[in-house]
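Dropping the structures in below, format is structure tokens.
Two complexes follow with chain A in common, the first pairing it with chain B and the second with chain C.
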Partner chain A sequence: MATTEEIAEAYADWRVRCNGNPRLAKMLRGWNRTVHLMTADDAGHFTIVVTDSVLSELRIGLVDQPDLVVSASSEDFADLFWGDLNPSEKYISGEIVLAGSSEDVMRLDAMSMVAFLDQ
Partner chain B sequence: MSQGAPAPATTLRRAMGLRTAVSTSTGLAFAALQYLAAAGLVAYVAGDSAWISIGVAGILAVVAWSFFGELNGMFPTAAAIRRYMAGAMDDRVALSITFTYLSTIVLVIAADAFVVSAALTHVLHVPSWLTAVWTLALLGVAVASNLRGIKAAGWLQDIATTVVLAATLVVSVVALARSGTGLHTPLQPLHHHSGAGFLESVALGIFLYSAFEWVTTNAEEVRDPKHIHRAMLIAVGILFVVCATMTTAMSHVLTHAQLITAYPQLSLGQRAFGAAGLWIMTAVTAVTALNTFNGGFITASRFVYATAREGSLPPALARLNDRAVPWVPVLGLGAMSFVVSVIVEAVGGSGWQVLVAVGAALESMIYAVAAFCVLRLRGRVPDHHRPFRVPLVRVVAITGVVVFGLLAVVASVSVGNRFDPVPLAIILVIGLASAAYTVRVVPRLQAAEAARRAARPTRRRPPRTPGGETSPTVPPSVS
Partner chain C sequence: MADVDKTADVVVVGAGCSGLRAARDLAAAGLDVVVLEARDRVGGRVFTEVTEGGAVIDQGGQWIGPTQGHLQALADEFDVDTFPTYVAGANVEVRDGQRFEFTGLVPTSDPGAAADTVAALLELDLLAQEVSPTSPWTHPDAAALDARTLADWTMEAVDSPGARNLVSTAVLAVFGCEPVELSLLYALAYAHSGGSLSSLIRTTGGAQERRFAGGAQQLAIRLAEPLGDRVVLDAPVVAIADDSDSVIVTARRARPDGSRTDWTVRCARVVVAMPPAVQSRIAFDPPLPGARDQLAQHAPMGSVTKVHAVYDRPFWREDGLSGQLVADRGALRAVFDDSPEDGAHGVLLGFIAGHADRALEAVGPDGRRAVALDELARAFGPRAASPVEFVEQRWSAEPFTRGGPVACFGPGLLTSAGPALRAPVGRVHWAGTETAEAWTGYIDGALSSGTRAACEVIAAEGRGRP
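Right, the complex of A and B next:
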């Protein structure tokens, strides 16, 4: 099980990559969303706020009403933020569970793809 | 806790309610091609008693609803079809079936583009070669709006679906009322028809409900997971009422020559409200296609994107434009739909009947596959969380496999009221191409992806220290 610190560290790296990516800035223009991250193994819950393509710091706990909820194991969250796993594979296998509109899900997946694969 | 139990409920800020789920399910099923399918059912197979065939097909759709209800409850995700099929059978078979099934969307988009274009050509009294131009323009607009990430909002979809269904129902009832005569043989499905003909009409009737189950891809955005389950059932009921009334009106007031055109709904409108009815039904047909384009493009392109991201389709299909839209699948879908549409137009009268037969056969096939998956998963994952369970599962699912399998075969060799193996040949070509792709290309794609990963530098995630902590490389960003 990944600790809160491990997830926070991984997220910090992801955030720097995402916020510094000009293509992602275009892709997320006008996309203001609150994302809840819920660990399936009780490693804690987190909130990310995206305001006009800029990712906030990771907030511990569930803040505000979400637009998108992502549930996964803490290990998967850490690997995802480090770019060590393909979220689509985990999603199709049911290890990552999502709640939200398909457009929001697409944008979230785009973040990991563009940040790490630059596609 | 059993497998697959839902996470604690969280209310989303923007969630789909029951009404939008119903309109999505009904709107996906009620394509412009349904008008032609209904008219074909009347003209060639069932006559005045077509509504009985539609009713029987509706009962079968309710049986299919129970299968999709159980499967969607187990896997409430847009990727459900991949998950339940991969869980119930060999993944290569599952992928082949899924790709074949997906081709229905291309056929329906192509057919709708053609139907709307043919209607415009008719009402504007312009040369028929312009039909291809309208088709190109319609698909061009659909592709361009998809590439820009434009999607009809839930409320707009609710209104569009309601207008289409209400207008079709009103036009049908008024046309019937104005006919001034009673129905000829409304309760004699075997009058002038054989038992085989009735079976054929039920097989084609299945097409009128096709795609109602695609609303399961919205499972992640509903306010309450039960909404999808209820919405599908309500949609089947609505489709029965509208389609049965429409076919009854068509059988009663239209001539055989009107029934076999590419725009029988316009003739129905004209019988109800004169010239105004013609324009009303032209507008309704266009709105129907809007629903199909909106749902079809998004569903198919996102599925292709996810499958490419998974590594089962070429990585180029997962490329995104600056609006996070998978542009290659959208363009490909538009191009394929245009080609199919032009072929349908070139073939003439029997072209759309072949599409209806292919669609009906593929829909029956997927119902049979769903029945098989329900049965197989009961054995393989008996403890998986199931909010809804098919009652008497062994009897219902085995009957479902047999009946829907039989209807798939019947639909695939029937065009109009005659034996014609062309739909079967088309399905076999699509199916064999999908199977060949899955067996020969997918392993190579997966090997290439594995090689790419192996060539990548080591994991970015720092290794854990003996105490279980990772060595921090970036200052944590926590508030």
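Right, the complex of A and C next:
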């Protein structure tokens, strides 16, 4: 199990990489969404806000109404943010679950995959 | 009135999955149905063969995926089991003649190309969500989307040549044609009809997720069984004459001595359940309206050959490989593990599609076998060069399909003639997976199109379901 601090540290690293990636800037243009992260093993809940292709800092707790909810183990969240885990494989296997409109799910799937590939 | 050989309420032309489904629904509504099939078998583009060595090979449509409810319901009804396509282990990518391994959907040897490919798939999936699968011509930008090919879009929207190649590989595997042959509007509508382009190209979670134990054709055979001798094989339909009171359908039926004779059926309505390109080889009287005939003229089939290499065991699994191959050029751009569920022997299935399929026509079966085995050996090692058996199914050479897996609509067709696709012409109704409103091009779409055409006929004939 990853701790809240470990997830926050990994996310901070991922956020820098995502926000500096021109492909992601293009893919996420005009996409403003609130994303809730729920850890299956109860390490904590988090909120990320995407505004004009820019990812916010990780907020602790579930803030506002989400457009998308991502459920996974705390370990998988940390590995995903460190770039050690192929997110599409985890979605397909059902270990990471995305809930939201099909368009939002597609975008999050693709953006996490590009962040993984493009590191 | 001219003498006819038989009378029926409805004639269905084509005993593929769509025609048989239509016939069954019509019979269930109390209508007397005759199905005329050109081949000596039912199933159309769904065709299972057993090799001399006993391997069960699906030469045509073979997969079932999530949301294909019509197909799943039929499999449930007939108690036909499905099992997951083998996906464990690493996939192989061949790029610029070099071999790499990867996991997941997109080959990763060139990370920039992979990221561009994911971005391109997302862009296409988002565009597809805006296009109605049933009436794509109603999109506000339909004319612009239909004025371009998928290749035009790729040249503009995808920067890296590697990603363009991967998009081409996906298109060849899905449509059996090159991106330059496809209207962007058609490709988007087609993708949306199955959910998204991503769902069409996925194995797990997508259109290639599961297979049928014993092959897919048994579903067609089981559909045909209760129809008995109302399914007439070896009877290619050559003419359909609609005199507005009734229709006379003429087939060139085989006689025991091998010669053929015209055989006619008078009926109230006809369901034509075959791809548009081969519909246009039937003589319609009166001639079809211009838009309907031009639609058929402009809707060529994809060009695809399915090759199966059978081995004594699925040796690639021992090397930690899934048997899936994605290649940026060559004959086999996409390969899957097609072994039986118990892995009693190994089978690799490859698609030769588009330009490669046409280019390899001249080299003949031995030439294609040599090319395919060479490419399989490059991907999966020298053992792949020596299969126990090798079979090919050249769909473009099949006289009653002339290609596959599906019709490939070029630019301008949907926005000019699209509404004619399903619209009945007099007493003639249209079925076939090309007319499906969901899962166009798939077995599931064939089934739902058959039901839709049957409903049209039942409504027109004023009969209800019993």
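In the analysis below, the second predicted complex is superposed on the first by the 117 of 119 C-alpha atoms of A that agree within 3 Å, B and C clash if a C-alpha of one lies under 4 Å from a C-alpha of the other, contacts with A are read in each partner's own complex, and residues count from 1 in each chain.
One rule holds in what follows: a residue touches a chain if its C-beta (ideal position, glycine included) is under 8 Å from a C-beta of that chain, and two chains touch if they have at least 3 such contacts.
What you are looking at is a predicted structure, and each value in this text was computed from that prediction instead of being measured.
Contact with chain B, but none with chain C, is seen for A:H36 once the two complexes are overlaid on the shared chain. When both complexes are overlaid on chain A, the residue A:S102 reaches chain B and chain C alike.
Greater residue coverage of chain A by touch, when chain B is weighed against chain C, goes to B. Contacts of A:T3 after superposition on the shared chain: chain B is touched, whereas chain C is not. Once chain A of one complex is fitted onto chain A of the other, the partner contacts of A:V114 extend to both chain B and chain C. Touch criterion met: A:V16 reaches chain B, while chain C stays clear of it. Using the contact criterion defined above for the overlaid structures, shared-chain residue A:S88 touches chain B and also reaches chain C. Residue overlap on chain A between its contacts with chain B in one complex and with chain C in the other: 23, 26-27, 86, 88-89, 91-93, 102-103, 106-107, 110, 113-114, 119.
Those residues of chain A that touch chain B in the complex are listed here as 3-6, 8-13, 15-16, 23, 26-28, 34, 36, 38, 40, 56-60, 62, 65-69, 71, 78-79, 82-84, 86, 88-89, 91-94, 97-103, 105-107, 109-110, 113-114, 119.
The touching residues of chain C, when paired with chain A in their complex, are 103-106, 108, 111-112, 114-116, 118-119, 121-123, 125-126, 129, 195-196, 198, 202, 204-205. Put simply, chain A touches chain C in their complex at residues 23, 26-27, 86, 88-89, 91-93, 102-103, 106-107, 110, 113-114, 117-119. Those residues of chain B that touch chain A in the complex are listed here as 4, 7-8, 10-14, 75, 77-79, 82-83, 149, 151, 217-218, 220-221, 298, 302, 305-306, 309-311, 315, 318-320, 322-325, 459-462, 468-470, 472-479.
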